[in-house]
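Shared chain: chain A. Partners: chain B in the first complex, chain C in the second.
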Partner chain A sequence: MNRRANRLLAALGAVLLVLPAVADNYLLSIVTLFLFFAYAGQAWNIMMGFAGQLSLGHSLYLGVGGYAAGALYFHFGIGPWAGLWLAIMICALSGAAIGALAFRYGVSGVYFTLLTIAFAEFTRVGFDHFAWVGGSGGMFLKVAERDQIDLLNLRGTPAMFYYVILGLAAAAFALSGWLLRSRAGYYWQAIRENEDAAQALGINTFHWKILAITISSAMTAIAGVFSAFYYGNLFPEQIFNLSRSIEIMLGPIIGGIGTLFGPILGAALLTLVAESTTEVVAALGWETPGIKQLIYGIVLFVVIVLLPNGVWPALARKLKVTK
Partner chain B sequence: MSVDLVILANVVIAGVLTGIVYGLMALGLSVIFGVARLVNFAHGEMMTLAMYASVILFFTLNIDPFVAVLPVATAFFVFGYALQSFVIHPFVTRPEHSQFILLLAIAVIMTNGLLIIFGPDSRAVSLDTLLESIELGPVLIDRGKFYAALVAFGAAAALFGFFRLTRTGTAIRACADNWLGAKIVGLDVKRLYALTFGLGCACVAVAGCMMTLLVDLTPALGPAYTLLAFVIVIVGGLGSMSGALAGGVLIGVSEALAGFYFTPSAKSMFSFSLLILVLLFRPRGLLGNKL
Partner chain C sequence: MSALLNVQNVSKSFRGLRAVTDVSFEIDPGAIVALIGPNGAGKTTIFNMVAGALAADSGAILFEDRPIRGLRPDEVCTLGIGRTFQIVKPFAGLSVLDNVVVGALKRCTRVNEARRIAATILETLGLGHKHDVPASALTPTDRKKLEVARALATRPRLLLLDEVMAGLRPKECDDLVATFREINQRESITILLIEHVMRAVMALAEKIIVLHHGEVIAQGTPGQVVKEPAVLECYLGEETEI
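So, the complex of A and B:
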């Protein structure tokens, strides 16, 4: 990154900071969604983009994180700031356990990806029959006044949620940037490019891969907690769904796997595409379930065929922000 | 025989028959992976497409699925051949995750395309000729399931024969064993890959036509069957043809038993736990040979 990149970043940050003062709730909800996927994409990118481990089961951590904090609030009235730690702990542990099992037994590549899906699907069906948190009927968190800010219980106005997710997205960006330049980041990239060579150089690949999946799953748990309190409800069929995992990874893939700005740019592009599709479809009267996902599919297809490295590397050259 | 035992026999036989159709579906996936090293993440979606083709032929032209098998399988062979030649082939040398995401994009497009065209309502084919069960002593066998399994088994046997007995089949097996070697002796690897993908799609088309007799059809079936196909081939052994059929029967029976003794909605949990166990302790699958 150079000074041009820093200036661009500062401008983006300034716009996002003052946005609630000028935007209506509708626009704010769209930007909140964009920031949510920018955050979750950043978390997924640490595993795939940095360490080269393709997970298609990140909905597992989203759901388990959301349910952990949600259930504490629902059953015991314990607020999300305390529940958050439980969510992070459970997800980091399950991520580490899945990673340890998989990497210990040499499950890698496509097999690893299928294993992540299997764990997520297994948990989804499990939660469908988990009566304590409502089973397939879902769990509903108490809705508080929409105009009062109760930051302690994460109940409040859209602007409050907006600033929470803005803070999270900024923190994830900073953390990723730091990780990428840390010892771990270089080891991960070595593993991503050639695991055997990395191991031959004396890198304990098992250890570093576990670290990647643990950090990634812990970060995704926070996204789950946010999602649970933002929407106020949890359904296993939705939050554990394979399509959630796909949505999480779409941003970084379209933006550029392994880059810092990729997840942000990808999430922005996707939100833009989704919203404009919704508008156009509504204007033409074509409203029908599935059209948004169809457009997602086409965008994904076009990007993977034409720009396999994502949009950001190409855009960065145009903007002259890379060294 | 006691009543319990008769019920158990009914459940197991139904599971075996469904499992053979599952096996044929998974066989398509296994063949494509075994030869082209390509993970067809759109496999269940392709089967759902075949099911729609069969259902539409049934409702518009009154062609029953046993006849529809031929045109649908032929169309799918051509579709698969073209897809591999024009879309997937450039990805052969790209990283694994790139191929995976390409097929995922195709899967998302197919599922939602079907949803937009046909809506979320479920459809089912019922043939009058299949209403009566086959009685085998005290055991009753569903006629539709029986014929569906018979057709699926026939298609699987034909594919086995093709790979073992014909020159082209041998050439494809050579490609699978040693890609570079196959190129050196002058085999047209690109065409053989396309042929294999076409055959895999034809398998899935036959399985899809037969599945219309077993389950109600909705556009949302795709992802679930993609996952099911993966579970079966990994349990049976990726790339192993007999493993796919055996895995299909195993999963079919375990689903039937889980649905009977617990609750049908929890049956996929058993399949997934089986998958997790096999991946961890016997990643080559139960009948898989060395990769």
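So, the complex of A and C:
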């Protein structure tokens, strides 16, 4: 990161800070969605991008986190800022337990990935039958007054939600940057690049991989809490769905896995592509079912073929923001 | 004076195939010892057992009188044994400096300090001008040097070098020999090296252990070893020029 990068970052921050003053609620909801995926993508990136452990089951932490805080609010009226800690704790423990199980028995690579899917899937099935939180019928949090801000209970205007997720995304960015430059960051990258060599240099790879999955799942839990209170409802079929996990990782993949800014750029591009596809399809009056998804898929395909390392490394060279 | 590394009656089989049989040797503190022998003699297997990458079937391995057989590679490294890999394993996506920083973080937890240590070590090995180059862009020779730099950064008391001279030109080989001598004397790091390049072995080693079919057939000073009929027959006589 050089001075130019800092200036660009400050400009982006300033634009995002004043956005609610000029944007309508529709635009704000789109940017909120972008920031949500920027945040969740950064959480996933710590595990895969930094430490090289591919999780395709991050919807697990999204769902468990959302349900933990949601159920506390629904049943006991305990606000999300308190519920958040329960969500973080449960998800961090689940992540650590899955990691311990996998890494202790040498489950790695694609088999580890399969394990992450399996845990997310059977938790989804479990929640389908978990009557206390509504089972497959879902759980509905008290409807919010959309014009009053109740930050304590995370109920309020779109602008409030916007600033909350903006703060989270910014905090995740700062945390990622700090981690990447710390001892943990060096060790994770070493493990990602070559685990045998990392171990020969005295790195307890088990310990550091567990740390990566724990931080990543704890961060994703917060995304789950936000999502639950933003939408006000939770359905196992949606929040635990495999497609959720894929959505989370598309941003970092398109933006640049393992880079700091990649997950944010990727989330922005994907939101932009999705929204503009909707606009274009509507403007052209195409009614073919699935046409949006098709266009979206083609755009992803082109980006991956042209820029296999993601958009950010190429863009960073163009902007001259890397060393 | 007790030995720094004491390998006692160590054996290892792979699915019934005996790779190493009843091997014993000692390495004194401060020594430079070479482990030589034809391909398939079991040299790298012994390295892997000392470094914790493979578990020995039987026997004992003592480092500074502490049994290390069965420890994990990271535990062995923490105790003070650094190793290189015969087939190099660089952190390809990281810069040369960052590769060595990973090793240096073993001895100091502060990243800034580790970067300074890493820079000094790269200087010693003649990679000082390549800090920011990605490790994947290095020549095979430089990759070998990077292996050594990374292992040295962990500040080992015993350094295991697995064929780092292979493929080097004579001049490069002599330079590296000089570097190892310097490391050995200045930082009193004991060195055990596997090497086929006899030019390097003869210049460096004060003791040579000759392995053949997984067994030690001779050990002693270079002068003694080259006179052993068994060695001449199985190894030196066949294929090597000194």
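What we mean here is this: the second predicted complex is superposed on the first by the 311 of 323 C-alpha atoms of A that agree within 3 Å, B and C clash if a C-alpha of one lies under 4 Å from a C-alpha of the other, contacts with A are read in each partner's own complex, and residues count from 1 in each chain.
Basically, a residue touches a chain if its C-beta (ideal position, glycine included) is under 8 Å from a C-beta of that chain, and two chains touch if they have at least 3 such contacts.
None of these values were measured; they are calculated from a predicted model.
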Contacts of A:204 with chain B and chain C, given as first, second, both or neither: second
After the superposition on A, what does A:10 contact: first (chain B), second (chain C), both or neither? neither
Let me test your reading of the model: by the given contact rule, A:118 touches which partner, first (chain B), second (chain C), both or neither? first
Touching A:282, do we find chain B (first), chain C (second), both, or neither? neither
Regarding the shared-chain residue A:194, is it in contact with chain B (first), chain C (second), both, or neither? second
Chain B versus chain C as contact partner of A:293, first or second or both or neither: first
Which of chain B and chain C A:183 touches, first, second, both or neither: second
Complex contact set, residues of chain B against chain A: 39, 87, 90, 94, 96-98, 100-102, 104-109, 111-113, 115-116, 120, 219, 223, 227, 230-231, 234, 263, 265-266, 268-269, 272-273, 275-276, 279-281, 283
Chain A contact footprint on chain C (complex, rising order): 51, 53, 72-74, 77-78, 82-83, 85, 89-94, 98, 101-103, 105-106, 109, 111, 114, 132, 150-151, 153-154
The chain A residues in contact with chain C across the complex are 181-183, 186-187, 189-190, 192-194, 196-205, 258, 323
Where on chain A does chain B make contact in their complex? 48, 54, 101-102, 105-107, 109-111, 113-115, 117-119, 121-122, 125-126, 128-129, 136, 242-243, 246, 253, 288-291, 293-294, 296-298, 300-301, 304-305, 308
